[in-house]
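Next come two complexes, and both contain chain A; in the first it sits with chain B, in the second with chain C.
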Partner chain A sequence: MKAIEVRNLRRVFRATIGVVRRKIKEIVAVDDISFEVYDGELFGLLGPNGAGKTTTVKMLTTMLIPTSGEARVLGLDVVRSAEALRSRIGFVFGGERGLYWRLSGYDNLRYFASLYHVDPAVSRKRIPYLLDLVGLSDRGQEKVEGYSRGMKQRLHIARTLLHDPQVLFLDEPTIGLDPVGARELRQVVRNLQAEKKTILLTTHYMFEADALCQRIAVIDKGRIIALDTPEGLKTYVKDLAVIEFEVYGVPSNVLEQLRAQPYVHTVSVENRDQKQALLIHSPRGSQAVPDLLSMMNGIRIGNVIVREPTLEDAYVRLVGGEA
Partner chain B sequence: MKKFILNLRLFWEGALLSYIALFHWLRPAQYLATMIWGPLASMLFFVFLGTYATGSDSASFYVIGNALQTIALSGIFGVTMSIGGDRWSGTLPYLFGAPANRFMMFTGRALMHLLNGVLGAIIGLTWGVLLFGLDLGRANPLALTLIILVATFSTSGMGLLMGCLSLITRNVMFVNNTVFFLLLVFSGANIELSRMPAWGQAISQVLPLTRSIASARRVIAGGSLSSVVPLLLVEFMIGMSYLLAGYLLFRWFEFQAKRRDTLEAM
Partner chain C sequence: MNLKTLRDYGRVIFYAAEMALRSNLTDSFVLFGILVQPIIIALLAFWMLGDRGGEYIIFVVIGSGMTGLWTSCLFISGNSITQERWTGTLELMVSTPTPVSVIVIGKILSNVLQSLASMVLSYTLAIVIFGYVPTINQPVLFTISLLLTILSYACFGLLISPVFVLNPDVQRLQNGLEFPVYVLCGFMFPIALLPGWTTPLSYILSPYWAARALHATSSQWNGLGEVALSWAAMVALSLIYLMLSSLLFKRLLRRARLDATLNIQ
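And now, the complex of A and B:
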């Protein structure tokens, strides 16, 4: 069974720009995407800022009407059967908003339970269970305004499980969390999978998708540019080696020149404290180093490392070296 | 049947939620102070101003008018804040993503403010009796109760409409203050309708409170229940119209939001 089926889904936004001479600009947020998510699968939608992840999730959760194409969740069309679908799905849009801060965590859950028509007898048992599941049992009676960001985001997960939905949409559930908070939240997501939920998760961290998801769709500028298992995605770069130069600033004309070499696939620069890492993907590996160094004449260079590519490198290659 | 009970529960939980949130915002002591001293302050102001301008035997005119005007505070401000608050808290996507009955979700928010309004009116009238010699001896208690209920209903209906506008216009306070002052001026609380220009009278006819204030004056002066029933019926219908207009606007807002992605626009 397919829990989610998306066919040629598109969404165009119109924005007016300019104050005096107003012009209408069309933004294609989601550009003809198709994919399927199987029952019980944890599926990742991975992409940089503005890739169209949130727009996709909004359409799949009946919050936004697609411009064209169609999508079904649990066999129900997201536009025509929106009403019926709502009680069978749950969703979380990342961040700490979307809760009543003046109420306790418990009272928040109580109100949302009634919005989902959960029987009071059921919710009386379910709310403590869910608070426990997300690690908030001892803080449930406190007002949400006193919660940390991670606690609020975990409360959101509990909120979306009140009516025991079969399919969950988690839009950047770890956004803004510190590494520890993010790790706790990922553990919560893993627990959900153990409860046989189908989950569509968006993130812009490759390692997060890798750690959680069975399959990953990489989305960029509204299009799906790769869809595979984490292992499958790694084969995108298996023929390449990554050469890392520690540098202290690189002029753009040098970058151009490096990019122009036939044996260089991608060139990207990452900031690391005072220094930068210049990452070059090339099938020639260490043999390319002397040539590359000769092109960087006059640039201060620290360590040079040649290594096997990681999934992160696959992602960088897919989205064009901008990450 | 089961659906009906679940909907009632939603209505009730929504009512409770908006009230608990209010309590968390105002401490109970603060809340009582607002309820008790608030009406007194506005009553003192208008009674002194009014009797100064028109002669001291007319105090009960202002006392009754302002006791009922207090209802507008919770009916309009309370309800608007309760609905508009969802924009502020970012909960709209989760409200509209739920299968809940929109009518129950919408109107439930008004219930507690309705009760609050009743309480406000009673406190206002009590001040009138204690400080300004208001005489309730000739008033039919049933008629007076009915008047207070109808007045809170009609102002809350208006509050629901305003609350919905606040989802759309993002300018809650401006809209609210305008309406509150419209009521203050045109409901007849402080100015006799007969002394208003024709256009002012026209406005007063479509506002909540106008007829309940007139009814209260009549009943306290010894008028019978049956003499005010027609007025109260019209005021009830006015409240209902505002409520329905608010509900339709609420649905329209949801519809637009799904087409244009404006749910979270701040």
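And now, the complex of A and C:
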């Protein structure tokens, strides 16, 4: 059984730009994507900022109507059967919005339980259980405005489980959490999967997708550019080596020059504390280092490392070094 | 619609109303509007009009009370949708199995009841301070009229609130609606003073009939016929508003999902 089926889905936004001379600009946020998620699968949608992840999730959760194409969740069309679908799915959008800050965590849950038509006798038992599940038992009676960001995010997870949905959409659930909080949240996600829920997770952390998902769709500029298992995605870069230069700033003309070399596949720069890492993917591996160094004359360089590619590198290669 | 659905909706209305009450109690701006302002108005009204007789006072009390109810209904119902958009809960609300109109009913009912309660309190206070006892000709009929008034306001508020999900200029819409409705409904002076072509407009506004029933049962008793007519009109219009509102909500929510206006960017 397929829990989610997406066919040629597209979504265009119109935005007015300019204050004086108003113009309408069309933004293609999701550009003809198709994929399927199987029953009980934990599926990742991975992509950089603005790739169209949230837009896709909003269409699948009936908040936005697609411009064209179609999508079914649990066999129900997300436009025509939106009403029937709503009680069977849950969703979380990473971040602090979407809660009533003046109410306690408990009261937030009680209110949403009523909106999902959960019987009060059931919710009286389920709310304490869910608060416990997300580690908020002892803070449930406090107002949400006093919660930390991670607590609000965990409350959202509890909120979306109130009606025991079969399919869950988690849009960057770990965004803005500290490493410990993020790890705890990933454990909650794993536990949900163990309960046989179908989960579509979006993230822009490769390692998170790698650690959790059975299959990953890499999305960039509204299009799916790869869809495979984590192992499958790694083969995208298995012929390449990664050369890492520790640098302290690189002029853009040098980057251009590096990119122009035929044996260089991708060039990307990552910020690391005071310094930066210049990452170059090349099939020539260590043999390319002397040539590359000669092009970086006059740039201060620290360590140079040549290593095997990771999944992160596969991702960087797929999205063209912009991540 | 079966019994379980009705019970579920009833529960949503109750919780939404309770939430609206609680969030108002913690909002000092709204608190001023529903607690302090009516007291000031009531005291001023009694102080200025006290010597013109009980009947006149009750006319003014009801007229200004209706005006206050209308203003709070218009502003609070519109602002609450806008506020939910800002806090990101509007989108969430829309994507639950509960129709948005059911949630909005709870909020409006709560706000109308709160305004009403604060007015009753204010005028009771004014009565105690000034010692005038306003007369109500037909207390029983008046009470029934008051209950129907609450219903009318809730349904009328429900009719206009779908527009707010589209995210138009909320403030302009509110300012544009506030005064015309107040005049057309004859809260403070009879609609006979208005040009004839506006009369049909008054007739399709349920607060007009509410004002008429309340004035008639308190100070301008003209026999049961007029009151019965007002009641019938209130009930019929409220039912029509309910149907129109649910249609409007369906269409405008669809529009909002097309235009992506349920959330801020």
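Here is the rule we use: the second predicted complex is superposed on the first by the 323 of 323 C-alpha atoms of A that agree within 3 Å, B and C clash if a C-alpha of one lies under 4 Å from a C-alpha of the other, contacts with A are read in each partner's own complex, and residues count from 1 in each chain.
Note that a contact is a pair of C-beta atoms (placed from the backbone, for glycine too) under 8 Å apart; a residue touches a chain by one contact, two chains touch by 3 or more.
Please read these numbers as outputs of a predicted model, since none were measured by experiment.
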Combined model on chain A where chain B meets chain C, clash or fit: clash
First (chain B), second (chain C), both or neither touched by A:Thr62: both
Which superposed partner A:Leu99 touches (first chain B, second chain C, both, neither): both
Touched partner set for A:Tyr111, first chain B, second chain C, both or neither: both
First (chain B), second (chain C), both or neither touched by A:Phe13: both
Which superposed partner A:Tyr248 touches (first chain B, second chain C, both, neither): neither
Which of chain B and chain C A:Tyr129 touches, first, second, both or neither: neither
Chain B and chain C footprints on chain A, overlapping residues: 13, 58, 61-65, 83, 86-87, 91, 93, 95, 97-103, 107, 110-112, 114-117, 120
Sites on chain B touched by chain A in the complex: 3, 6-7, 9-10, 12-14, 17, 20-21, 24-25, 89-91, 93-100, 105, 257-259, 261, 263
Chain A-touching residues of chain C, taken from the complex the two chains share: 5, 8, 11-12, 15-16, 19, 22-23, 26, 87-89, 91-98, 103, 254, 257-258, 260, 262-263
For the chain A and chain C complex, residues of the former touching the latter: 13, 58, 61-65, 83, 86-87, 91, 93, 95, 97-103, 107, 110-112, 114-117, 120
Touching residues on chain A, where the partner in the complex is chain B: 13, 55, 58, 61-65, 83, 86-87, 91, 93, 95, 97-103, 107, 110-112, 114-117, 119-120, 143, 159
